[in-house]
Structures are given as C-alpha cells and as structure tokens.
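In the two complexes that follow, chain A is the common piece, with chain B as its partner first and chain C second.
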Partner chain A sequence: MFLDRVAWMVAGALVLGGCGGGGGGGASDAESGFTDGETESGTDGSQTNPTDPTDPTDPTDPTGDTDDPVAEQAPSARPRVKFKTAERYAADLSNALSIPADSLCSELDAFDCVSVHKVALGEVDAFGLRLLEPLESTPLTAPIAVDRIGLTACGERAARDHADPQSATSFVEVAGVDAPDASAREAVVARLYRQLLLREARDAERAAVAAMYEDLPEAGRSQTWSQMACFVVATSTEALFY
Partner chain B sequence: MGRGRAGGSEDPRFLIVLCASGGASIIDAALAIRESEAGVAAPTINCFPDGAISSVEGSPLRAVDGSLGSVGAIPISFSTQQAQFVGAHAQDMLVATLTSTSVNHNVAQERAVTGNAAWRGRTIQESVANQYGAAFPLPNVHLNTGTGFTVRGADDSLPAWAYGEQVADPTLWPLALDGARGTTYPVDSDVLATARTLRNDVLDQNSAFNQAFAGADAVRAWTGLRGNTQAAVEQAALIDKLLFVPDEAPYNLGARGLTPSPDAALVRSVFPNYDWDPLHAQAALAFLLIKNRVSVTVTLGPSFDLVLEDGTSLGGGGLPEGSMANPPIAFDFSHQGHRSTQAFMWSRLYEVASGLITLLQGEEWANGESLWDRSMIYVATDFGRSKTRVANAAGFGTGHDLNNGLLTISPLVSGNTVLGGVEPTTGMTYGFDPGTGAPEPGRQMSEEEIFGGLLGVLGVDTQGETDPIPAMEA
Partner chain C sequence: MTSAGVLALGVLSAASPAQAKPPAPALVCEVYPTMPACAGAVPDCTLCHQSAGVAVRNVFGTQIEDVFWAGDAVVPTDEEFIAGLEDALLSVEDLDADEDGATNVEELLAGSDPADADDLPGEATCEDTDGSEAWQYDVCSPDAAYTLRKVMLDVCGHSPTLEDLEAVTTAEDPGERIHAALDACLNTEFWRGTNGVLWQLAHRKITPLPAIKSGAGEGGVPLADYDDDYNLFVYTQTDSRDARDLLLAQYVVGRTEGDTTEYFEMTEAEQSARGTDVRVFTPVEQRAGMITSRWFFVNNTMFTAVPRTTAAQAYRSYLGFDIAKLEGLVEPPPTEALVDYDNKGVTDETCAACHRTLDPLSYPFSRYNGIGGNGGSGDYDANRLAAFVDSTQPDVDQTPQAGYVLGEPVDDLVQWAEVAANSDEFAAATVMDYWVLLVGERPSATETEAFVALWSDFATVHDYDVEAMLHDLIDTEAYSVP
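And now, the complex of A and B:
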C-alpha cells in the first residue's frame, strides 16, 4: 500500500475531531482553519481531563514549573483565534528577526516564499488566481509551508549572527561559540521568546529549548541549534495564531 | 454493464474533472449540426456548412474543423483538429444531453459538480475521494482556482481528507510537501524531527496559549495536520515525484539538492507550455498526482484570464499563431465571437485531454491494465450557449442557455455513444430514457440524473441517494 492506511485514517479523525459535530449554519466553521474558531462556552472545556498529566489544561502544570503563574491559565470559554496568514506572519518574522521582508525567505533562490505559499497560508489572490476568499479549510500543505518559511528565516538569522557575532541580534551569546554552555543557550532562548512571541519564556521553556542542543549532531552544532531553537519558537502554534 | 460497485483504495477509479469554464457548447463539437439538416432554419440556427463537419465512420460523434483568422476580435490565426481527437478516442467518448438550472457562471459550475445538490451537496470529486481515497495522501486536488467547479461541497459529514486540496501554482506547489528539503538552510531529517517533537509535544502542549485556546477549531485543525499527517506526506517523498520543472534557471533544483521527477521530461514533452500556460502546468501535475497514487481525483481547467506566451508583442499585425493559449473569459468569450471561441477552446480541451490519455495509457496499473483503463475525464461546463445567429453569419455572439450536453471520455463509459440527441431545426438537445438510454424527444435530462449516472460509471456507492444510468456504463 502506498501509505499506511491507519496513519491517514487517524489523521483524518484528528481533523474531523476539530469539526465540532457539524451541521447547521455553523457547520462550515468546522474546517475553517483560517477563520474564527469560536465555540460555545463549555463545549471544549468538557473535553479536557484535569487529572491527565498530558492534558495541557491541567492546572498542575506538566512542565513541573509550579511557581509560574502562567501555568494556571484557564481555557477560554469562547476561544476566538485567527490564523495570522502568510503576509502577517512574514511581517512578524521579519520584524522579530531583523531581516528585511524581501530577504526573509526564498524558494529555490528565485521565488519569494510568502508568494509561493500565500494561498495555502490563508491569503487571497484576486488578480492572479481569481481567488477572492481565503480557502475554507486548512490545506495539508500549510503546516509544511510554515516550517519551510520558519526554517529558512531562522537559518538566515543564524547564518548572519554566526558569521558576524559582533553584529548578532538574536544569537548574541552563542554566535561564533563552538560549544556554548547551557546558560548562554538559555539567554538566547529568552531573547527568542521576547523577539518572536513578545513575552518572557517560562523556566521550563528555556530549559527545554536549550536542552535540544544535546540532541543535535556535533558538526556545526552551535549554529544548527541556533536555527532550530528559533524554528521551534517561530513556528509554534502561539506564533501562528492571534 | 460496468464493473459493479467498487471497493476502496485498493480498487480505485480515477476522476479527472476538466473544467470548460464559460459554457462549452456541445453543438459546436460532438453534436454539431449540418446546414442541410437544419433545412429552412439553417440561416438563423448555429449550424455549419456540411463540409465543415466530419463524422467518424460508425460513430454518432462529430467534429468541426477549420482555420480561422481570429478569436472574436483578437487577431490570431489558428486551426482546429477536432476530427483527429474524435477519430482517436471515439470508442471512449460518451455524450449525454443535459439541461441545467442556472445561467450564472458560478452557480452553474457548482451545480455541474454537485448535480444541483443531488447527494447532500457533496461534489463529484468529494464523492470519489470519499469512496476511494482513504489510503491516498491527497485524494482530491484542485489545480485550478476561483471557479464554482472547485467549491467545497455542502456535505460536512465527509472525512476532512475528502475535500479538495487547493494548488495555487503547480510548478512550485510540490515544494510544500517537505518541510526542509530544497530550502536555503536545510537540516537533516533527524534534526527536523527532533525540533518538531519538542515544538509539538512539549512547547505547544504546555504553553499558556494552548491552555487557553486549544479548543478553538482553527487551532485544533492546525495541530491535527501536524504530527503523523505531516510526517506521512514527507515520508512518501512526494517532492521527488511531483516536481516536473527542469533543473535549469529559474528553478535550479540541483543547487538546492532536489531533482526533477523521473517523469518530468515526459510530462513536459506532452505539455510543453507548462511555463507560461497554467493549464499545461496543471495537466502535468494532474498526471503525476494520479500516476504516483497521490490522488484519486484532480480538477483542472482554463481560467478566465487571457494567457499569452511570454514576450508576445501586442503590436500591429495580429498575434503570432500559437502565442495565445487562452482568450479572456475562456468559453464565455463566445459573447464576443461564438464560433471562433468555441473552436479555439474545444481544441484546447481536446489537446489537454489527449495528452492526459496518452500519459495514462502508458502507465500500468496492474496485470496489463493501464491507469487510463480505470480513469474518466468529465468535461464539466457551466451551461450551453444560445442557439441562434444573425442570418447566415459565420461570426456572431451568443448568450447563456440552459440547454446543452456533456462529454465524458473513459474506457469506463459506454463509448462511441450519444445519449439523447439534438433537434437540428432549433439546435436544442433532447433527453433519453435513463433506464434504457433510448432517445426521448421532448424530455430534458436533469443535473441530478446526470450526476447519478456519472457516479454510477465511477462505481461510487451512493446508498440509493442517486440513481445510476446503466446506458452510460461500459
């Protein structure tokens, strides 16, 4: 078989799980990855399990960061969340990483990433494709496109900082350093959270991203870690929705 | 009779919806009328000099050929070869008459793929994807944009993967099937996997944002696509199979560690204008999607935009022959020049259909059966065109008309067949008995009936919601 049937069925079920049952006038919201995900109070909260250690809504904070007041964030009763879409996301990345938009990311060194992936990432193209409305549902390729943009933009920032540590803007403490220690890496993570998410990183977040260094190949590890530390923050769900 | 009700992904049928946007008039192609048949009505009916229409021996299907000096008011010479196509594929061609229910383009296009909501509003593409696509990465791919043929159906009960995946640019879209390969700063797959696991399973799961908003539909849809779904697409290495552009400027795939699909040269030879004609690019990718078992249905078609070859001079003397791939508003340019537009656009569709058939015939499914043997091209169109003309005029404009017919091409259909017929003194088509296929002058075929017939040919189990038309099935 071409691909594992079970994997696809599970994937389909996961997405269907987001449909909220469908039916009625609001049924189209079920798949509308780029539009408001408004749901009625209580509907979603009832699907969480406060005793489940993997449940992100568990107030006991599975990160173990019990002193962090953010850990007790309550589920929104009416979670109105929108996808940033390609242009907004690219603008945020450009600003956060201090890379001009026109050099943020290209495909094959010839095509602007944002233009290539803009329809998949929720933009319209009235004059080129007669696409007057964003796609109703999130394409399968959208998360992959985001990864490509994030990987490239972060790779660009990492390359610039490591090539010229004196002018580094994101990876100041590790730029040009072969084997940066944990404190240096955590300092970088803290800056990435401020630059990309406009908030302070929690202790567990700083530690987790800094620790990823140990899982990377030794060759070029410092720069690779820089790129991937940026990547995990820049492509996090928090960075993509507002 | 056909093959009976088929199973799932192990025994799929493939559906290619070739969209004839703007109104492809069936009496300007397979059901063309000779002046001698129209009799005294000939001067004011859209009919052709007898010598312009050729018939394939033993076939009710007709072809109109000729050379014209313009498309409407656009000065460009071109020739048509309908007879060549009909001669080659008559045994796989089925024409069924149809009278639709809207002369609004978008509404009519949508009804052409839903049978006017014949089956809870699901489209024919979604129906096929749902029946056969469970094991295919992207069962239903829409390669053209901005038409009613590519709407999402109204039936929300289908699995998410059955709805259409939109492709904006067929030449570059395959890049979005791998998160790192070909990027400016690629990383090893293990490195990417490590980072994604950290992001998806630790950072996202435990963030305050997630605690607050994990229940939002938009977030749940997004996180549902990440993880296993994303990994499965990348593990299938589709980026290696679907990139059909050459390894040369401006693409330079090799410089980024990529290579064209093993079939790239083949599809480019069949659709050589891929770099300036979007329909050729769509057709190239459409074949690769089916060949590589990515999709069970693909939708493609000309847009409403003028398409000129890059560098074409708009100076005096007319456009060079072959420099225009598409007139503005496609078939709907018939408003300005009916006969020339229909001739130009039918040739365009036949050329693309011929290319796809050739490619699919060259690929074995199993046991000597080709991919074409289990595929169907459905030439979907908005509606027909008005049947009258200024007396004896060869150049005239037409409006929208509900009355028309549709063309399907497939070994799965009852080929070399016309179901229904055309009244030559009015240009109006009439229907047939859906049970026996016998012509019935005075009867009109509905969108619902034809939709059921198409699904019957494709072996889709509609659980009694629509009725098959046995006479349509091989």
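And now, the complex of A and C:
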C-alpha cells in the first residue's frame, strides 16, 4: 500500500510538473496544473494567490486536476525543455536542502553519487571515458540515478531535521513530532515547494503530499513521511527540467 | 517500412550514379535564403544525395534530376548545372518527394527533410496563433522569470532563489536584472573554470587524449599538453576579448587555479622556459592560435605528410563545416587542377568531389611537424615533406605550402587563419556553438533571421566579443519565450 501510494504520488508529481515552458516560477500551466482563475505569474508579471480558497480542484484527485490545463493554454510554438544534468541538479538540491553538494549522497560511503552517475545524468567525461559530448538519449539508468540521489539527499535532510528540530531547515513543523497534524504537514509541503520548485504549492498539491502520511508504517512515520514528501517533489519532472 | 519508404528505396535503387556538385548547396541558399540550413552555413549534400560520399541521389534529388536533365545520359558540366539549378528547384517546389503531405518547398523553408517522410514541418508559430490574451501564459512573449531561471542554470549552474524570481517578476526593468545575472554568471567557475562549461564547449575541438598528455597529469606517453589549448580557448571567449584570437593568437595562455581560475598571456620567455615536454616549438610568426598548437598537430597530423585530417578538424571546429558530411565544399577556381602529390588516388572522380576542396585546404598545414620531426613536435619546418619522399610517394615534397580556404588563395597557414577568422563562416560557427549550448538545438526556420542577425552583429557590433553576443542571445525569442 505504501509503495502504491508513493508511486501514485510520483505519478501525480510528474503530472503536476509536466514539461513545457515556464512561467513566473519556471512552470507552465501544464506544469503547475493551474486551472481557470489561477495564475501563478500572469502575462503582466503579477503574482497571484496560490492559496486561493476557491480552488475548484477535486481533493480526491491526487493530481489536483479537474480540467485539462492544456486545453486552457496554447502550446508553445517551440517547446524546449532541458534536463538540469547532474551538476545542476546537485547544486539545486544542495541549495534547497542546505546540504553541501558533496554530502548529498555517496556510493559505498566512498564515492560521490553525482560524480558516479554524471554520465547517466547528462554530463560528459572527456578525460576519463573520452566522452566529449553528452549521450544523445537518456540512458535507462538515469531515472534510477535520480531516485538514488533524490532519496538519499531527502533522507539526509530528514534525519538531520528530526535529530535536531531546533536547527531544522525543511521539516520545521514536523521535526521531532511523533504525530504531526495535517496543517503541520501541509506547511512542510509548502516549504518544500518553495525550496525545491521555487514556487508556491497549490492547495491540492499540499493536501495530496500531506495525505501520504496516512499510508505510511507507524514506526518512524514522521521522519519517513518527511523523506518521502521531499523525494516526491525533488524528483518531479518540474524539479529535473528547465 | 512504410509504403513511402519502400517507394523511396525503389527510386534510390534505380537512380543513376550522380556526381555531387559542390556549388549546389550555396546555390540552394541563393534560391532559398531563409532556409534554416542556410543560417550561416549551407545545406548538407545529403539534401539531394542519399548519404555523404555516396554519389546517388535521394528522392528529392531524383526529382530535380528528372526535370533538369531527364533522359540525358551526359552529366551536365558545372556551368550547365549552375545555370539550371534554380529553375530545377522551382519546378519541383510543389511536388512532394517523400510523400509525407508537405510539399518540397514547405519542407525546405521549414527546415525539415524533403526526402524523409518521417521528418515533417513543425507546428504553428506565434504568427499563426491568436487569442493570446486569454492564455495563462503568453508563449509568444519573453518571460522574465523563465529567462532568469534559464540564464542561472545554463551559465551559473544553479537555479535562482525564490526571492530572485519574485524580484525579477515585479521589477520595472526585469531585463536589467537578467543581464546583471548573466554578467555575474559569466565570471563563475561553473562557466569558465577548469572543466567548466567553456571547457566542455572546447572538447570537440581539442579532442583530449590523456594517454599522450604531457605536463600536469601526464599520461603514459607524454607528447603534448592540451592544457594550452583549453587555456587559449577560454581566454578568447571571456572578458570581452576578440574571439578571432582562436585562430590568430601568436601567444600562449597559462592558467592558475585556486578559488577562481585565472587565465593569462605568457610572455614568450615564460613559455619557452617551460620543459621540452610542454614547450611550444613553433616560431611566433608561424603561429595561428588553436590550429598551430603543439597538441593540435600531435593529435591530428601525427606522422602524415599531407595532413588532411588536421585541416578537416580545423574546418569542422572553427568554420562549422564537416567535409566528411560533404559540407563546405568550396573549390579553388577550375584553373587550379587537383594534383595527387602523395599518391593517394585523390584525383579519382569519386574522391575528387571532396578532395578538390580538402587538399588545397590541407597544403598550408603540411609544413608543421606532427609527432617528432626537425625541431620537435608541432614545429614549423619549410622542408618537412622531404623526409616523406619514398617509392610510394616520390613527389610528395612537391606539395605546395600555398592553398585555398573558402575559395580564397592563401600563401601559408597564418594567412589561412586570417581568411578563416575574418569570414562569415567563423562568426556563424562561433555563434552557433553558443546558440546550441543555450537554446538547446540549432535555429528553427522561424529563428533563422534572428540567428543571422546575431552572428552578423557578432562580427560587427560586438567586435567578436562572445560575452556581448551572449547578452543579445538571451534576449532572442528562441531563448526568452517559453
């Protein structure tokens, strides 16, 4: 059940963070799932209220989408989306989670994951493998590498925050709390969206990620949820592409 | 295979051998100047031919053949070909060679392949859409936050902060913030440091091979130090320097590493005082930037008398033409006969289609040592070819030093470099590198005009200053519109 729920959430995050152009927060409508009346950053550059209580989305739909957002938005004439590549992704994770880049993740407690997986994640290796240009297509191992880095980095942040709640940077409202309530969890989700996706979370997004808590095993649930909530956001399409 | 594919294969199999016509790509651009492939370059010969080096036309080329010299067994002369190609192109405009539903002219102007049924013209452009006032995001207008985010990720290596995004979104002049961010990013280690973005841009030009590197981190058989090449490359691309020094520099650039990587011109005394494993032996007056570095000759010329690989690598790296793909075949005038100095069979008609361009392009490189030789690797030796004379190539020492580049005669490699560095092709190739790096792909049909304007400005308004050019690049619709 737990894994099913996580898979559901990852799928939801991918839908929420679907590729496309970018808006105020770097996300297009298709990415953010905005519907009528909601504008993250309008064409006039204004910011809107992402916590609009009139949000018409169905809370039972984990994607938060009741309408097809693509239908409301003309497609880009020349949509171009680039993968962040290993270094950029690591830098963003490092900044978002306040963890030094070389501490995000290590293989066998000896090798920096980002370096180990750099070719799979779009970097070159001119002086080692004599790979002078990035691979033309994404290798099968790229999603696994992203999951590995994202999961480990999020786990590290969750462990630090729960071990020392007074110094928490991402999971402030739930760190050290055995059974955080929904509002505390939603506050954490809102922070994760700001830290990792550089935008405000929609009501449906906050609710969906917060609700994942109910399906987790009871032992260490608060810390596990922290790690998984972070993982869902940090490995969404929106977090990986620009 | 699709029915169209089967048909195409049948046509190709039946097509008569056809000599590639080097003037053809340029002529195509005269007829269709807005073709994306004509943006600072010319189309590949594969526009009409089955594949590079194969003298058989594809389905589009066969249509031209059918109207141009149908039933005529005699291959037209270059003069007849030049005189008739425009009419031939126009007469097949409304046909659909690959039967994909788009006419030949639609495909040519859209940048898709008229001989490939799987390659179709792209989607509608901004000019074709309306109702943008109802969109949540206007995908036809620059978006400040979107652009800032891309600039920061592309050039700084990380996203901006949420506060940065909010500030640029509400700023009175968001462009000022975006360009300030670009300036800051251009000074980061991510961009210009060791193994940074600029180094990665240089990899294909330098093609490093650690096994034969000398100097720091030397390999098992140290022959030359490509650090010199990376240093010169980054030096010419930064701090408003003239990018033509890629081909014109007669100095050597050093590098110091620390919190920030610094590149500096070495004095000749400093460079010549270096160990023999890394020292540049080439006399100052015979140097021409990246294409006379010790590494360039060791890695490309090696033990070759007439260094065609070296010339082709220079042509590919700095002028954007890959002769292996039949690109940039600009021949000397017909009065300059192709001579097979090294007995390689280059005058065979099949080979000559490329070698009429490649061999005169290579001659100026022939006086520079590859690996070893009098004076050391990479040194200039006016009598170098005498050492290559043997029974298999008794006349190789008759190879002239003078040659041709882009159809212009040159006396030596320094002149070769001057012609190349001041050419439109150099400006276009340099800008294309950065366009592909930042935009993500070559210009589309609708972006051709902006691309041409950008490289034209690079050679004039920007005085070959890469950083000034980048400020204009991020303002293009291709980069700044979601």
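Some notes on this structure:
We adopt the following convention: the second predicted complex is superposed on the first by the 167 of 242 C-alpha atoms of A that agree within 3 Å, B and C clash if a C-alpha of one lies under 4 Å from a C-alpha of the other, contacts with A are read in each partner's own complex, and residues count from 1 in each chain.
We adopt the following convention: contacts are C-beta pairs under 8 Å (C-beta built on N, C-alpha and C of every residue); 3 or more make two chains touch, one makes a residue touch a chain.
Because the structure is predicted, anything quoted here is derived from the model rather than measured.
Of the two partner chains, both chain B and chain C are touched by A:P75. In the superposition on chain A, the chain among chain B and chain C reaching more residues of chain A is B.
Of the two partner chains placed by superposition, chain B and chain C are both touched by A:L132. When both complexes are overlaid on chain A, the residue A:S183 reaches neither chain B nor chain C.
Once chain A of one complex is fitted onto chain A of the other, the partner contacts of A:S103 are absent, as it touches neither chain B nor chain C. In the superposition on chain A, A:R194 makes contact with chain C only, while chain B stays out of contact range.
Once the two complexes are laid over each other on the shared chain, residue contacts for A:M212 go to chain B alone; chain C is not touched. By the touch criterion stated above, A:D147 is placed in contact with chain B alone, chain C being left untouched.
By the document's definition of touching, of the two partners only chain C reaches A:K84; chain B does not. Contacts of A:D92 after superposition: chain C is touched, whereas chain B is not reached.
Comparing which residues of chain A touch chain B with which touch chain C, the overlap comprises 20, 22-23, 28-29, 34, 38-39, 43, 45, 47, 73-76, 80, 82, 130, 132.
Taken together, the chain C residues at the contact with chain A in this complex read 122-126, 129, 131-132, 135-141, 143-146, 149-150, 153, 157-162, 165-166, 169-170, 174, 190, 199-200, 203-204, 207-210, 439-441, 444, 446-447, 478, 481-482. Of all the residues in chain B, the ones that touch chain A in their complex are 9-10, 134-138, 145-147, 152, 156-157, 159-161, 163, 165-166, 168-169, 172-173, 175-180, 182-188, 190-192, 194-196, 198-199, 202-230, 232-236, 249-253, 255-256, 293, 303-305. Across the complex, chain A meets chain C through its residues 20-26, 28-29, 34, 38-39, 41-43, 45-47, 72-78, 80, 82, 84, 87-88, 91-92, 95, 124, 126-128, 130, 132-133, 194, 198-199, 242. Per the touch definition, chain A reaches chain B in the complex via residues 1-5, 7-20, 22-23, 27-39, 43-45, 47-48, 54, 56-57, 61-63, 70-71, 73-76, 79-83, 105-111, 116-120, 125, 129-132, 135-145, 147-148, 151-152, 154-156, 158-159, 204-205, 208-209, 212, 215-217, 224, 227-228, 231-233, 235-238, 240-241.
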